[in-house]
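Each in C-alpha cells, the structures are laid out below.
Look at the two complexes coming up: chain A is in both, with chain B in one and chain C in the other.
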Partner chain A sequence: MTIVTGKAETGRRLQPGRSGVLRNVWQHRADYAYVLPAIAVMLVVIAYPIYYTIELSFFKTPPGLQLRDKTFIGFDNYTAILTSPVFWKVTWNTLIWTIGSTFFSFVLGFGAALALHRDFVGRGVLRAILIIPWVISAVAASYIWKWIYHSDFGIIGAVLVGLGLADQPPNFIDNVSTVLPSLIVVNIWREFPFAMIMMMAGLQTVPEQLLRAAEVDGANAWQRFWHVTFPHLRNVSTVTILLLAVANFNSFIIPWIMTGGGPSNASHIWITHIYELAFGRQRWGVASAYSVLLFLMLMVLGYFYVRALAGNERKEGGA
Partner chain B sequence: MSTIAATVPRGRTRRRVRVDGWRWAGRIFLVFMLLYTALPMIWMLITSIKSGFAAMQFPPQWWPEEPTLASYQKLLDPQNSVGQDFLRFFWNSLFVSTVTTILSVIVAVPAAYAFSRFRFPGRNFLFFAVLLRNMFPAVIFLVPLFILMRAIGLVNTHGSLILTYLTFGLPLAIWLLKGFYDNIPVQLEQAARIDGATRFQAFILIVMPLSTPGIIATAIYSFIGAWNEYIYAYTFLSKNEQLTLPVGIQRFFSENTTDFPGLMAASFMMSVPVVVLFLVLQRYFVRALTEGAVKH
Partner chain C sequence: MTRISLGGAVLRGTVSAALMVSLMSASALAEAPVDLSKWSPEYVRSIAGTQDFDTAADCGKVTPLDYKGRLTFWYQGVFEGDPDLLRQYYKDFFETFRKTYPNIQLEEQALTYNDLLDKFRTALLGNAAPMAVRLQILGGTEFASKGYLQPLKPEDVGYSTEDFWPGAMKAVTWDGVTYGIPTNNETMAFIWNADIFKRAGLDPDKAPATWDDVVKYSKQIHDKLGIAGYGLVARKNAGNTPYRFMPQLWAYGGGVFDEATANPTYKEVELNSPQSKAALQASYDMYVRDKSVPVSALTNQQADNQPLFVAGQLGMMISHPSDYNVMLDLQKKATGADKDKAQTVIDNMRYGLIPTGPDGKRAVVFGGSNIHILKPEYVEGGKVDEPAAKAIICMWTSPEWSLKMAYAGSNPGNLNGFKTKWMKERLDSIKFLDVTTSMLPYGIPFPALPQSPEIMNIIVPDMLQNALTGAMTVDQAADDAAQKVKDLMGGL
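Entry: the complex of A and B
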C-alpha cells in the first residue's frame, strides 16, 4: 500500500526544498482547482471592497453615490475623525460593549457547559433550550427585548414596581446611563450559547482516565478542574474568546434595531456609527476612513486570532 | 461543608458529599440560565396571543384574559395585505437561504479537503486569508459592494444576497470541515486508490460519506446565517416584494409601532424554521465541533 501511493505523497512533500517556486506551483496545479471557487468568490467580494474603501478614505465625497465628483484631500478625513469627541465616546462604548459581552458570554457559557457535562434526566432538553437564543435571528431577539424593556408596558418594569423596588417602571433604553448595559444583557443572551457549545465540545476531549486517576490520587473537584480539565481546554477557550470578541466587536443589529445608537450616542458602537455616517449622513469618505481605522485595529486582533488558530494547526501537524 | 465531611469517616461517602456541593451549585446555575434564556421567549409567546389592547396595559396581564390567535391568522392569511407580505418575505428568506446553503457546501467541501490533504505552495497563506474574512464586519464591505452590485446589475435581486452570504459563511464552514477531514485517516483513501479509484472517486465515495456530520453542520450554519442576515438585505434590497424576513419585519414594525402582539407573532414564526432545523440536527453540529474544530 505504501509503495504505490506513498511514493506520490512523499514526492510532493519533499519538492519545495529542491525546486523553484514556479515549478512547485505548476506541479500542484490540480490542487488549486479545489480551492479556486472559494478563493474566486472571496476575491470579488472581499479584496475589491477593501481596495475601494482605502481609496475612498482619501477623498471628499459628495452626498449620494455620484462618486465621480470626489476630490482628493489626503489625510483630512482621518484628522477629522481623530479630533472629534464622538470618536472617543464611540470607541469607549465599543470597548465596554466588546469586553463586557465577551467576558460574560464566555463565563456563562463555560459554566453552563460544565454543569451540563454530567448526565442527568432532562439534560438534552435543557441543552436544547439554552441553545435557542443563539439560533434565532438577532432582529427577533432585539424586538423581544425591546418589548421586555418597554418604558410603559415592559415586563421588567412591571416586576420591579410589583415588588416595590421602583415607584414607576424604569426606562432602560432611553436612559444614557443604563442603555449600554441593557443592550449588553441582550447580546449575552444571544452569545453565551455559542461559548457553551464550543466548551461542551472541548470538554468531551478531556480524557476520562486522567480525571479518574486524579480522583484516585485524592484530588477534589476543584483541583481536578483546575489541574486536569482546564489545561486541556486552554486552546478551545482561546479560540472561543477570540471568536466571541470579533463577533461582538462587529455587532450591529442589536444596537441598531433597539436604539439606533441613541440616546445621544450612548449606545453607538463603531459599526453602527460607521453605518450611520455612510448611509444616514452620506459621508462616504469619512465612513471609509473609519473603516480603514477599524481595519487596522482588527489586524491587531487578527494577529492573535491567527496565532491561536495556527497554534491549533501546529498541534494537529505534530499529532 | 468541611464539617459534614469530617463527621463522615469513610473516603467514598466523603467524596460524594463534596461532589454534591458542586452539583448543587451547577443545578442552581442551570436554573438561573434556564430562566434567563426561556423567560424572554415565553413572554414573546404570551404577548403574541394577546389582543393589541390587552398587551398595552399596566400592570400587564401575566396570562391573557382572552387568548387569541388573531395575530397569527392575520400574518398567515393570504387574503389581506399583511399576510401577503409576510408570506412573501417568508418565501424569499427560504429561497435565499436554501440556495446559499447548497452553494456553500459545494464550494466549501473541496476547499476544506484541499486545505486538509494537499501541501501546495501558499496553502497556509490562503487558509488564513480565508479565516481572516471572518474578522471583518459587514459594514466595511457595504459601500463598495453596493457599488459593485450596481455595476454588475445585481442590486435589488436575490443574487446579490446569495453571493455575499456565501462569503461570510465560507470561512467557518471551511475551518469546520478541514478539522473534520484532518481526522479521517488518509489510509482509507489510499486503500480505495489501490483498488483502482481515482483521487476524485476516493473523495466522493470514501471521504464524503464519512464527513456527513461535518457537511450537515456546515449546511445548518450557512442556512441559519443566511436566514437571519439583516444588514446586507437592508442595504441591497429596496423593493417590497423582494425583502427577506428580518428586513420585512422591521418595515412592518416601523409602520405599526404599537402592534406588539403582531410583532411577537412574526418574531416567533420567523424563529420556528431555524430553531426546528437546529434542534433536529444539533447533535451533528456538536459532533462536528468535537471531531473537527476542537479536537487536538
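Entry: the complex of A and C
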C-alpha cells in the first residue's frame, strides 16, 4: 500500500506541471482563439520578413543584378560590416542619438509631468500645448525644424543676428560636429510629451495617503519624492525608457528628412544607413545583415521591456 | 533563251517595288525632322510653327481611340521647385488622355524625382510595379539591364528613332536593344542677378566666362555685399546635385569615366584625375576658403536656392528657364516690401551659357525623362495592358504633348515638337528659352550604365560633402569616390 501510494504521489508530482499547463490552455481556449487572427497576421507580416531578412543577409546581391540572381556568401556580409569604418561611425552616431534622445526626453517629460501633477490655473491648457509636438506629424515637424535651423535664413539665426548675439547665423545642420546634437534636440522636442504622459499616468498611482503620512512624519518635499513617489514610478519609468530607447533605435523620419544622413554621414544612424544601403544602393544583402544586427540589439531591449512588464504584473498581483 | 513567265515577272516586279518603297520609307524615316547640325536660337525660331500635328489621330493608329482597357502608370511629376504653369499642363494632359481614350481606366501616380527610384525599386522586388513608368533619364539603363523592362522603341508607338535626340536614345538603350522612349530633354543655363553684379562692381550684362570666374565673382559678391555669390548644391540623394556639379567637372576636363568624350567606353574611372580634382577644388574654394556660397548647400536643393535668389540673397545659380516662372510665382505670393524686392530681382534676372573650363570646354547635363513598359511578371496582377500603355506613351511622346509637358522647364523629347505652333508660342512667352535651347548641343548624357543612379545620387554628392565639410581633403575625397566607383563597377 505504501509503495503504491508512493508511486501515485510521485506520478502526481510529475504530472501537475504538464497537465496544469494543458488545463490552463484549455481553460483559456477562448482567449487563445481571440488572439489567433492577430498571431496569424503577425506570422505573415513579421515572421516571414524576419526570416527572409536573415536569409538574405547571407547572400551577395550585386546592385547590377536582380535580387533572384543573388549568390550565397555565408557570413561575408557580417564580416564586411564589422570591419567597415562606416559601420562603427554609424553605430556611434546611433548610440549618441538613442542615449541622448532617450535620456533627455525622459528627464524633460518627467519634469513636465511633476509640474503638471500639481493643481494650478491653466494646467489643462498647458498640458494640451505640451502634447502638441508629439501629436503633429514627424514629417511636418522635420520640415519646420529644417527651416528653423536653416544655416542661411533660419529663424534662430535671424533672431540671434538681429539681437546682436551672433555675427552670422549659427551652422546647425550643415556642420559635421553640430548636426547630430541639433537633430537630437528636435527628437527630444517631439518625444518628451510621450514621457510626460506616461509619467503623469504613473503619478496617478502614487497613494495620496502615503504622501500625507510621510508629510505628517516630517518628510520634506525631496524626501517625499525620493522615498515615496519615485519608488512607485520605478516600473513605469523603466517601461517608458525602454519604449523610448526602442523608438529611438528605430528612428528614421527626422534625420532622413532633415539631412539625409549627411553631411558626410555625420547624421547617419542605423536605420537611415540601412535604408540608403537597401533602397539607394541596392545592397540588399548587406542591408539585411545590418538589419539582423539591429534586430538582435532590439531583442535585448525587448527582453528587458518584457521583464519590466512582468515585474509590474508580479507586483500588482502581489499587492 | 530565258523564258519569262508573266506570273514570275509580276512577282519580281512586286517584290522589287516593295523593296524600293521600303528603302525609301526607311531613308525617309532615318532623316531627323530637324537639322541638328544647324542648331541655334535662330534655327529653332525658324522651324517653330511650321507643322501641324493631330495627336489623337496619330495615336489612334497605334491604339484605337475606342479601345477598352486598364492602365497603371507612375511618373516623375511636378514638385515644389516647378512653376504653376507646368502643374496646369500636367493636369491638362491627363484630362485630355481621358477624353481621347474614354474607355481606358487610367490609374496614375505622381512621384517626385528623389522618391521615384526608391519606390519603383521596392515595387519591383514585390512584383507590384505599374504597367508603365516615366523615369528620369538616369534610371533607364538600370532597370533595362536587370530585365524589368520590355523592349520599346519609338516605332512601336508610331514615331521614328530619328525623331528623338541621339543622346537621349543612348540613355534608353542597353546591350543594343531600345527599352524606352524619351519624353523630354533638358539642358540648363546660367542665371544671374544683374543688380547684384552691378552693386558688386561686376559687369551686369556679362555672365562669368569660365568656372574660375564663377569662383572669383562669387567671392567678390560675398565680400562686397555680404550675400551668397553662387548657388552651390551638394545634398545627397538629390538629383539637383549632379545636375549642377557635373557641368563643372566636365568643363575642367574631368569626369566619372570618359562620358564627356564622343564615344565613351566607361572603362577607366577618372573621378580622381587632376582635372576632376581641380573642379572639386573650385567648389571647395567657394564653400570653405571664400565662404561665398550658401552655408546650407550641404542640405539644400535647388528649390531652396530659389527663395534665396528671389529675396536678392543669391547672385548666381544654374537652372532651367522655368526658374523665371518660379520667380514670378514666388513674387505673386510675396507681400508688402518683399513683393517689390522680388520684382526688382525678376527685372534683373539674366540667363547665359554655362561657363567653360580653363580650356574653353563648355558642358551641361543632357537630362530629361524616358517612358517605359514593364514586363508582366513584375507588374501587380501579372498583366500588362500593352495597347493602353502604348496609348499613353504615344500621347506623351507626341510632338504636341512632349512639348507642352516640357513647356517651361525643358525641351520636347520628340524633335517634331520644335516645329509645332506651341513651340512658337513658347518662344514668345517663356523668357530665356533661347539660352537653354542653345545649351542643348553642349549636353552630355550621364553614363548609360545601370550603376549611374548610385554614382550620381550618392557617390558624387558624398565626394562633395567629404571635401566641403573637411572630413577629407580634396585629394582624399576624390580618391575615395574613385575607389567607390571602381568597387561598384567591380560588383561590390
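Convention: the second predicted complex is superposed on the first by the 283 of 319 C-alpha atoms of A that agree within 3 Å, B and C clash if a C-alpha of one lies under 4 Å from a C-alpha of the other, contacts with A are read in each partner's own complex, and residues count from 1 in each chain.
Here is the rule we use: contacts are C-beta pairs under 8 Å (C-beta built on N, C-alpha and C of every residue); 3 or more make two chains touch, one makes a residue touch a chain.
Owing to the predicted nature of the structure, the values given are computational and were not obtained by experimental measurement.
Following the overlay on chain A, a clash is recorded for the pair chain B and chain C. Applying the stated contact rule after C-alpha superposition, one finds that A:Asp174 touches chain C and leaves chain B untouched. When the two structures are aligned on the shared chain, A:Met42 is found in touch with chain B, with no touch to chain C. Of the two partner chains, neither chain B nor chain C is touched by A:Ile73. Within the superposed three-chain model, A:Phe279 lies in touch with chain B and with chain C [touch as defined at top].
Contacts of A:Gly302 after superposition: chain B is touched, whereas chain C is not reached.
A simple residue count on chain A separates chain B from chain C, and the partner touching more is B. By the document's definition of touching, of the two partners only chain B reaches A:Gln204; chain C does not.
With both structures placed on the common chain, the touch criterion links A:Phe153 to chain B and to chain C. It is stretch 73-81 of chain C, out of 73-81, 145-153, 217-225 or 235-243, that runs into chain B when the two complexes are superposed. Annotation: chain A residues 65, 67, 150, 152-153, 169, 279 touch chain B in one complex and chain C in the other. The residues of chain A lying in touch with chain C in their complex are 62-67, 146, 150-153, 169, 171, 173-176, 258-266, 276, 279-282. Those residues of chain C that touch chain A in the shared complex are 118, 121-122, 125, 145-148, 228, 234-238, 294-299, 307-308, 311, 313, 450-451, 454, 457-458, 461-462, 465-466, 468-471, 488, 491-492.
Chain B meets chain A in the complex at residues 15, 18-19, 21-23, 26-27, 29-30, 33-34, 36-38, 40-41, 43-44, 47, 55-60, 106-108, 110-111, 113-115, 118-122, 124, 126, 128-148, 150, 163-164, 166-167, 170, 174-175, 179, 182, 186-187, 190-191, 193-194, 224, 227-228, 230-231, 235, 245-246, 249-250, 253, 260, 263-264, 267-268, 270-271, 274-275, 278-279, 282, 285-286, 289-290, 293-296. Put simply, chain A touches chain B in their complex at residues 1, 4-6, 9, 12-13, 16, 21, 24-25, 28, 31-35, 37-39, 41-42, 44-46, 48-50, 52-53, 56, 65, 67, 108, 111-112, 114-116, 118, 126, 128-133, 135-140, 143-145, 147-148, 150, 152-153, 155, 158, 161-162, 169, 189, 192-193, 197-198, 200-202, 204-205, 215, 220-222, 235-236, 239, 243, 246, 249-250, 252-253, 257, 271, 274-275, 278-279, 284, 287-288, 291, 294-295, 298, 301-302, 305-306, 309-310, 312-313, 315-316, 319.
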